[in-house]
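Two complexes come next, and they have one chain in common, chain A, joined by chain B in the first and chain C in the second.
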Partner chain A sequence: MTTARRNVRDRLGWVVDGILPIAILVAAWQLFASIGAINEAMLPSPYGIGLALFDLATGPEIRENLLVTLYRAFGGAALGCACGVAVGIAMARSEAFDAVVSPLVSATYSLPKTAIVPLLILWVGIGHTMAVLAVFLTCLLPTVVQTYHGVTATPNVIVWSARSLGASRREVLWHILLPHALPDILTGIRVALGFSFVVAISAEMIASTAGVGRLIFMYGENGSYAYMFAAITSVVIVAFAADRLLLLLSSRLLSWHVSQRGGHS
Partner chain B sequence: MMQEKISLKDVSKAYDTRSTEVLALDRINLSVADGEFVALVGPSGCGKSTLLYIVGGFLDAEGEVLVNGAPIDGPGVDRGVVFQEYALFPWMTVRKNIAYGPRQRGMTDADCNNLAARLIKLIGLDGFADRYPRELSGGMKQRVAIARMLAGDPEVFLLDEPLGALDAQTREIMQDELLRIWLNNKKTVIMVTHDVVEAVFLASRICVMSARPGRIVKEFRVQLDRGRSREEIMLSDEFNRIRNDVWLAVREQALLMPKQ
Partner chain C sequence: MSVSPRKSRRLPKMWLSILSIVGFFAAWQAIASAQVVPALFLPTLPSVLEALRAGAADGTLFVDIGVSLFRAFAGLLVALVIGVLAGFAMARVRIVRWFCDPVISVLFPAPKIAFLPVVILWFGIDHTSKIMIVAVSCVFPIAIAAYEAARSINPFLVWSALSLGASRAKVQWAIVLPACGPSLFAALRVAVPVALIMAFTSEMVAGGGGMGATLMYSQRFFESPTVFAYILAMLVVGVLMDRGLLAIQRFTPSLSDQV
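And now, the complex of A and B:
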């Protein structure tokens, strides 16, 4: 068999391996619902959720609210990651800056950012700004920590080699420190991206006039559980796709890295 | 007297540890002439690598370091360097690693590629130009590190145990290559090594350093006819006489080291 064909089979095999457990769970769930072991008023059946999902997919409601949530999640994540990388580099490069910022990072790292949503509402009101701000704060810290680690872990001898080949201090940052930190930065961005959906939706559930979070909350309040699950499913699909896209991008960017020695993540 | 290339005047280096200050180098004076190959040998922990890093401009020190009569200001393209741990740029292919120095000097892409291709041929890595460092063996990486330094076209080669991580066979092959490169280019070389045989085989002068604090305690001139084969050189009486003398001098220093 040719390598190309074997690769296709490997990939298909991986898809089957990944989907099979979920398929079994859904089938069992449907079976118990069909024989009446599950009260559909408490937990809708997969079939009911499928119908609701189809209904939502053909109407504007889910699309419009999903776009609002995506805008907030990606906007906040992009801003948070960009600032996180900048702050991480500054901490790694300046002892004075590190001395000031490091305690702040440690103190706020494990704080759930959704806890300060009420405060954000007080400051900026309900709407895009509040949700983007919450996502921004959530995405900031993982990228700061990962960038700092990646930059400070750069071996001296690599920096010295570049300097003796004519790199200025500024060029060392772009040519050496950032590429060296890239695997860590991408890890931070992946964590941040995962959190961004969670926080955007949580913020919308707490207070919002639009977004998937509000939609899920509304369906739940109205007892439309099939529609609630359908909305949740649509979020899961989008978040999964975003994560896979990022992984694909990472493997493209890190073809040089030891983590890419065959296999998939 | 040949022109002086590198001059160290009363160079001292102290490290701060948590409790005390440790003197790593104590008033080193060393003058290296243009075209000389100086080997620094001594017991481990004597500060020979530290001395090399100071000449490279990577570490600050007390005293004066002059290159071509002018005090150094940090690292410079006049001093190329090869480290024991290769220090290749992992995200660059072999070709890009080697072309980094020329590109920094403003050489055009076409010229960079030509120069890289020539050096890749010189180090016998044809067909590996587009490989990443992680795909190479230790010996291949070390050859790329040497080629990258050569591409920078420095006046002085600073070699920090460049062959230390290689197996015995690869090591001898690389020594032959280094010797050939030095004889052909007439560059100034300072090499740190813990291998006395390597030092005698390659260097025109050997400086033996003392146990900490590092000082240069003995110097040996090596005047061998390098035109001969490795076998002829290494089996000659003069080679072995110098090797014995240097080995004894290093051994004396090693015995003075405090037991750890």
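And now, the complex of A and C:
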């Protein structure tokens, strides 16, 4: 009896634990909106937002603007992460390079990256290049720092063993240092991806002619709040999906790693 | 034995680092004064320093820094109070955990800046909306850290206090909170840069004074030296905040990891 019940609970567990609380929240929100406890001009009802979301989902507006934002976020993030890993490895492998670059990295690490948006507007104008560059610079630093940390944390014994067994420097890099640094690199990439969406949207809100950040702001300025909330909801959904996807990907990539053994996959 | 060779190798490294920063500014000045690019794109170093001096002289720079820092730290305070209460409640009460867990996992990865128009709609464009967007951005990492820390607390500490007659509320305040000090401080080190970023960014988007607003204003009027001066000032503020937190941690044993 208990096992059967437990089976049902296991299978429906994600509904009870994952969906139900959010459903309760939305239902309560709808209830308060229906009885007029919430001013619709300040907070539209879930029903109204749902209608707007459906309208947006069937039209081209949100799709095109979301694609523009995603293109900027992922383009900038891909460039930033690739360069970040390269710079991080170079810093970890060459003391001279480290000495030259690390003061610049540590000085700019705590600079709010959106502060360079006005500078980029001056330099390259408003558009794709500005947003991609802003995202690129944002994603660069966390990947540099995490890669550097991961590579330098590789025990010398492993590197020396490989060298003494005849591995070339390139082989050491590919087969020893990179795999060892992979968990740290993935942490850096996760941080960078989180930033990438934020910075792309921020850049669009500050100055842009396209993108979901500008779209949200435009709906807000026009007073079409149901559409504004619908656009925000779509952003929340995309960000959540991207985060889950990355978690899944990193647990796949790290399935061989100690941290995954015995833990949940 | 191994001290002297390391020392002699460290010295050139330090010099290389100093050289790197000096070289950065020298290259900047060389490019700017040679007019390789228009002064609008890259103003000379003296003109940037002059903009900084002018801002410091008439006090606008310090007013802007003060306004931005006030918003960042007021938001951080709100996030800290709500985050710690929520985290502790999640660790203690099962139904709170059941309810908050999915809500947090959906909202945590969301780019909070997208909520800026909502916050402006509810709280206007002055201090309150910026404080709220900072709070919304910082509350999630703090709540998660508080939850994790409160859950992994040594139960003997709690049991001892309870058996000695402490009330449940007193246990949370006098046992759980201090025990979570190091974890909460670590979360704070993550949250402070986020708070600064959100304060600056919301000012850049919505105006209403502060460093971000002045930065955007200067850019719109092509006052490049002021743009560079404010970016430099933001950089210094960011570094000082981080160093300040590290110093606090070093001189406060109860906040340090090494017990």
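The working rule: the second predicted complex is superposed on the first by the 245 of 265 C-alpha atoms of A that agree within 3 Å, B and C clash if a C-alpha of one lies under 4 Å from a C-alpha of the other, contacts with A are read in each partner's own complex, and residues count from 1 in each chain.
By our rule, contacts are C-beta pairs under 8 Å (C-beta built on N, C-alpha and C of every residue); 3 or more make two chains touch, one makes a residue touch a chain.
The structure displayed is predicted, hence computed values, not measured ones.
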Return first, second, both or neither, reflecting whether A:Arg163 touches chain B, chain C, both chains, or no partner chain. first
Classify the contacts of A:Ser208 with the two partner chains as first (chain B alone), second (chain C alone), both, or neither. neither
Touching A:Ser110, do we find chain B (first), chain C (second), both, or neither? second
Quick one: classify A:Ile176 as touching chain B (first), chain C (second), both or neither. first
By residue count, is chain A touched more by chain B or by chain C? C
So in the superposed three-chain picture, is A:Thr143 touching just chain B, just chain C, both, or none of them (first/second/both/neither)? neither
Based on the superposed arrangement, let me know which partner A:Ser45 touches: chain B (first), chain C (second), both, or neither? neither
Touching A:Asp243 in the superposition: chain B (first), chain C (second), both, neither? second
Per the touch rule above, chain B residues touching chain A in the complex are 53, 56-58, 74-77, 79-81, 83, 85, 87-93, 100-101, 104-105, 132-134, 148, 152, 154
Listed in rising order, chain A residues that touch chain B in their complex are 155-158, 160-167, 171, 175-176, 179-180, 182, 255-258, 261
Per the touch rule above, chain A residues touching chain C in the complex are 17-19, 21-22, 24-25, 42-43, 95-96, 98-104, 107-108, 110-119, 121-123, 194, 197-198, 201-202, 205-206, 212-213, 216-217, 219-220, 225, 228-229, 232, 235-236, 239-240, 242-243
What part of chain C is in contact with chain A in the complex they form? 9, 12-14, 16-21, 24, 40-41, 98-103, 105-118, 120-122, 193, 196-197, 200-201, 204-205, 212, 215-216, 218-219, 222, 224, 227-228, 230-231, 234-235, 238-239, 241-242
